[in-house]
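The following blocks contain the structures, represented as structure tokens.
In what comes next, chain A is part of two complexes: it sits with chain B in the first one and with chain C in the second one.
Right, the complex of A and B next:
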């Protein structure tokens, strides 16, 4: 596949991630911060997010499995996940966390368990989507091309 | 004052947020340091360092943002402090402001919010 085709594929794929709500404008902020001094900044930050979110999701699973659930602790973990997901622009994960916090406030254990399942799914989905995006970028760079500038005009 | 002459301290328990906020400050020419909680922020000041700006997270272990700001102000630290948090409830923001903040910035932080904050308190000549 020639570079121009790969770049168009990258543009279409990136656009779909925003239209489907996986990413929001905050992700573009990360891309703006990437430069020649830190060419892998976005990949590194996103990797950190998935490392940290993996631990948080495990902590949430344990916390919700207790006989007497400490909803304050659950809420604290969800608040942290909400903050970090919003910092990388993982919009659907963030939105799940907002719903999750409401359920914590209601001390709705069944609702919280359903939400936990949903958050795990959304984290998995956005992880796969971003891995595909980064693979496309690597292919473009390997072919001697550059990553197009993306603006939110849709 | 030109933002390139400013210094900042980023206080956040989330390492990813420390990296992002540090990079944002670098991108607008503000030299910065990062620490993980309010206690470390106090210790950095006790070691003799001062900063023009402090970006202070609210929820942190060991010492949270509210406790840290109260302590810094009681130490006579006059830095411009922005509380940075994902919380949006009025009551939480009010408590944070009353601790001694100059500004509250809701997460996620972006370059636009950051430069507006810097320009508000440090007007370029």
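Right, the complex of A and C next:
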């Protein structure tokens, strides 16, 4: 596949991620922060997010498994996850966290467990999507092209 | 270290500007790893030197404001700006703000509070305690550029 085609594929794929709500404008902020001094900035931050969220999700699983659930602690973990997902533009994860916090406030265990399951799914989904996106970017760069950021019009 | 002239009237009653404004040194405090990385990059992109701290006590340590060192500094501040998250376990950003404003060596240094939650009482509380500005997360490049521009006059 030639560079132009790959770039068009990247544009279409990125657009779909926004339209489907996986990503929001904050992700574009991340992309714009990437420069020659930090050519892997987005990948680094996103990787950090998935490492961090993996740990948070484990902690949440343990916390919700206790005989007597400490909702303050659950809420603290969800607050962290909400913050990081918001900062990288992972919109669907963030929205899940917002619902999750409401359920924590209500001390609704079943609701929380359902939310936890949903958050795990959303993290998995957006992880796969971003990995696909980054692979596309690598292919474009390897073929000598550049990421057509400016062509994303919303 | 001469000041670079008076700041705009919207800025502060003490007319304080960042000393050594060529390369401002900013202390960024946030318990969230991703947010720390982000704010660091945003500040670096605005030509700032950045030190990060993951909580209030570490920040105070860096600033030389732990109880034992309280009066050891003779007026020279290590940083030109402190930007801190509000919600942190242990010491909140508000508590950190108070400690900085209560110190003799650091009380003139502008402190900016960041939060993901837009709660007016929280915002007012911080501004009344002397916070220069309250910023909503997630931070954007334009927010940080505006901030550093204003502070560098």
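Heads up, the rule we're going with is that the second predicted complex is superposed on the first by the 149 of 154 C-alpha atoms of A that agree within 3 Å, B and C clash if a C-alpha of one lies under 4 Å from a C-alpha of the other, contacts with A are read in each partner's own complex, and residues count from 1 in each chain.
Everything that follows uses one rule, which is that a residue touches a chain if its C-beta (ideal position, glycine included) is under 8 Å from a C-beta of that chain, and two chains touch if they have at least 3 such contacts.
Since the structure is predicted, the reported quantities are computational estimates derived from the model, not experimental observations.
By the document's definition of touching, both partners, chain B and chain C, reach A:82. When both complexes are overlaid on chain A, the residue A:45 reaches chain B and chain C alike. Applying the stated contact rule after C-alpha superposition, one finds that A:141 touches neither chain B nor chain C. Using the contact criterion defined above for the overlaid structures, shared-chain residue A:3 touches neither chain B nor chain C, since it reaches no partner.
Chain A uses residues 26, 29-30, 32-33, 38, 41, 44-45, 48-49, 52, 76, 79-80, 82-84, 86-89 to touch chain B in one structure and chain C in the other. Of all the residues in chain C, the ones that touch chain A in their complex are 31-35, 37-38, 41-42, 45, 87, 89, 116, 137-138, 140-141. Only residues 14-17, 19-20, 23-24, 27, 59, 85-87, 107-111 of chain B touch chain A when the two sit together in their complex. Contact residues of chain A toward chain C in the complex are 26, 29-30, 32-33, 35, 38, 41, 44-45, 48-49, 52, 76, 79-80, 82-84, 86-89. Put simply, chain A touches chain B in their complex at residues 25-26, 29-30, 32-33, 38, 41, 44-45, 48-49, 52, 76, 79-80, 82-84, 86-89.
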